[in-house]
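Right, I'll just put the structure down here and ask away after.
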């Protein structure tokens, strides 16, 4: 079966290494991946902050395109896009009146049949069952798995992992040979959408995350969200300003860490694109 | 011509609705005098054949009322009554008995005003439906026995 | 031929103001079978009652209809009057002319007509009334008390002191319950063990009390005054008669690292153990799940060292059957454990403990001999945080109710901590302080004002561990919800009080109901707080809702009085409004065909199978039989019966059909 | 929820919140757990539990303060409050509604100028291209806020690492997306 792929805007721009690593890992396991044709932006934080209807219409268009393309299942590596798409699907299925206003008004064909996977679910379904013997360069480091907000909350809708101290990434990293640490900031917010408009807040919020990871001896922070990554990686100057010291723990997408363990070329995983040099 | 005064029989339980109707009295709330209350220990005791008997004898409307769910003096009699009512209603629908003429409700011992309200609305709705003359027609022309041969 | 008397009451003007009472009486006098009909100003007055009595005597009445107020008001009055005149009281019926007629309708013909109808209905009904006699059942004057916590102990002692026999069963090896685990008690700070243990000893020595520890209720049959209970006495692997309680076995047992239930997992116990030094009885049991002999087939050291050869490895559970007249349920409560709280670490931080664990730390008999020390490293905490409402008042966690006891014990904990660790700082996060009780509010104020406990109004969002400290993230809602972070050494969660394990199963065995939170349901929230809806079964203590010690004790004494009232009579009498299955002459014996649909419909398990046998003992027929002791007279079975073989006295088929006919034929 | 039997007794902003988000502010018993866990509580003028309290009063002055607050804009919708709320109150959903309402009534807090500008620039970017064009977003945002110097060093670094597209990615059905914007903005003031 072909797995649909919704990259979202970040994976085409500032976080292209995430897309690169996702595709590299998928390729290594012969998972057939097909990008949704002519996809649009999910609307992200901006849309649901300012305009509820638009925040549902944009993801609905994406899901309807996937349906049209005959896809039954799509992977959405960006946690924010994953959240927007899943929430939209949930809201539309729960409220027929809302569905009518959003779907019919915009002339979309939408049945709600596509199932949506986040990156962990995708890896757990297609990659880890076949991992046996494929880990050639164990990722032998202490890692802090950082889940952020949108992968696990709101649990009522996403129904993924547990809300406090989630474990799915830790379990996955364990299989790559890493040692996940027990830490306190797994699901604390990094500052997300305030990255540009309120960089100081991001410096503080992301700073606390990096600080706790450092204090507990993490050699890398593992993420599954481009927003988390850009805040923890690209905003490292602001973070270091907040912390008053230079902390150079690298931040890796889970697919990058997995890729390294599988022996995939660093460049193919886009590690050179990081702001904080990936030394692990 | 004088207005049609329906004959309404109320089958009520002793602990909630009978006491509720007592409270209507002590509160001096007035209601239509077309209703006659028959007292049962519990709605669970009410054999629905009695309802048919009442229609047969010329009743125009019927009220069945007992304790609210979970408030039954005997813990579960009203649940049995409700379950049997659901069955009985579909049986009535099947045989052509007008179920609009049967009002099934819960009235607690504290709901004097609700009792008056139920009587009044039932009287009004039965008055609108007119005398129940069709019952005799239905009863005298039973559905032909279905052969299972 | 019936001779019925009709007595129409004016009730002053309450009825006569809108109903023409004279006309009602006159119309009634013309009904078939009516021998006497009269109206009178006050039927319930002495002259009114005399009127009825003399009419019964003079006219030889066989039935009486009093048309007056609601039967719920005066039915007993008039039935008594009839009985005094020699007429069976159940031959008297009341037509409700006041509440159901004169008070709710305007004066007029229609109202008088309705009154006439109501009288006619009952005149016709009473023709079918039968003389009934009150039901008498004997009473077994022994009580069964389930649960040996403070409530069960109190109830047992109170009942036993009235001179009646008591059987007390307790599932654990010792009585004492949660109270025996407590350090000091609010609001007086007297030592829990000091006030409890004398009571425990009294139970053991009381001549009227039979104590079965390590025992549970297996099944219960019967009804008020006449229960039959089966009790499972779990095997202690010990001959209690031989055991002297010397304790040698417990010191020599090689399996020593079993978390002690009594110490809430903060200390260890061996596999053969006495739960605590003051246990009653002070004799050990073998925990077969952990004992090396039972798990691996080797060891038997206790058997070798026992000076009286009291160890019995092959001892089996024993079922004891007892007959009792009443039960007191005092099975207590439990608390949520720390693993119930994801945001407080799922129970993974050893220094985040429950209130009951803190009791053990503070108790002189506890694992730290009363010193407040961290379970993780034994250090004395410099900063301690107490969290009220941990799980309570939390619908998202499925516990919307207030656990009631926590506000007080938290104040006590903080106070005890301050008394023991003078340099320490204590914080209490609370939502409201619920200190309703004698000297309770004063107690909390003492904690705040005299002992310097820091009360912060707000719930804690998260607790995590860092560098050996527990970081507590809260907010002070009295300071505009200002975020507060405390680096604590220890956190005590006042976890929600919940129904005990197995509460549902027990309720089902007892045929009593329970609420959505599995606490046992009282028969009436205000007026019958210790009764259940099964006659003869009473509740005491925290099995009904979270309760503190004084409340549990009062409730237990209340339940004991209820039992004593019951036992004050040799026989119980009840209204004969119950179901009966008809009996006919052979060969039919009864129209009952034995489908037993009624058995499943009966909410009281009052219907049994009766086997009819011939002289040779061969089975002829199985029919239903109503146990008059259990039947409450709801009549649900009557409506269910397919062959109309079961009927309810006072509301028979005949009577109810007659009422319908009488009403509509002239309506 | 219009079917709610208590609907009629609630008035003002809290009743609008109920209608649009199903959030019943009266459910809040002011435990403060949301404010305790909120990562941005300390940057807010009114922490979440205080916003709830203000809405509970039905006092028009306080409702006005809510709509003009900085809190509603600095809220990140991280959902922590909702996850831990003992009464399961969907505060993030309520915040979304308050933001929309605040904007519609032109009451957005001046301190939130950059935040609102960023959101608007973001939406504008996708309005025309269907996907986010990051350089366009930056330029647009800077034009709106006049924060020309901020993050100046970031773009070249990103370009060097291949993290920025010089040209926007255009989707084919741009008119379809633009139409969505038009339809939804008729009702909203975005």
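We just call them A, B, C and D in the order they show up, numbering each chain from 1.
Everything below uses one rule, namely that contacts are C-beta pairs under 8 Å (C-beta built on N, C-alpha and C of every residue); 3 or more make two chains touch, one makes a residue touch a chain.
Keep in mind that what you see is a predicted model, and the values were worked out from it rather than measured.
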Where chain A and chain C overlap in contact partners, by chain label: D
Chain nearest the overall C-alpha centroid of the shown protein atoms: C
Chain pair, most C-beta pairs within the contact cut-off: A-D
Chain B-chain D separation of Cα centroids, rounded to whole Å: 56
CA centroid of chain B to CA centroid of chain C, Å: 36
Centroid distance [mean C-alpha coordinates] between chain D and chain C, Å: 53
For chain A paired with chain D, centre-to-centre distance based on mean C-alpha positions, whole Å: 21
Chain D, residues touching no fewer than two other chains: 80
Junction residues of chain A - those touching two or more other chains: 163-164
Shared-contact residues (touching 2 or more other chains) in chain B: none
Contact pairs between chains, per stated definition: A-C, A-D, B-C, C-D
Residue numbers on chain C that touch chain D, as the complex places them: 343, 389, 393-397, 431, 457-462, 473-477, 480-484
Footprint of chain D on chain A - complex, ascending: 9-10, 12-16, 38-41, 43-55, 57-58, 61, 105-106, 149-150, 153-155, 163-164, 187-189, 191-194, 196-199, 201, 205, 234, 272-275
Chain B residues touching chain C - in the complex, by the definition given at the top: 5, 7, 9, 14, 18-19, 21-26, 28-31, 33, 36-42, 44-48, 50, 53-54, 57-59, 73-77, 80-81, 84, 116
Touching residues on chain D, where the partner in the complex is chain A: 20, 39-40, 43, 74, 76-80, 82-83, 90, 92, 96-97, 99-100, 103, 114-120, 122-123, 126, 130-132, 134, 138, 141, 150-151, 154, 157-158, 161-165, 169, 171-173, 176-177, 179-181, 183-185, 187-188, 190
In the complex, chain C residues that touch chain A: 342-343, 345-346, 462, 464-467, 471
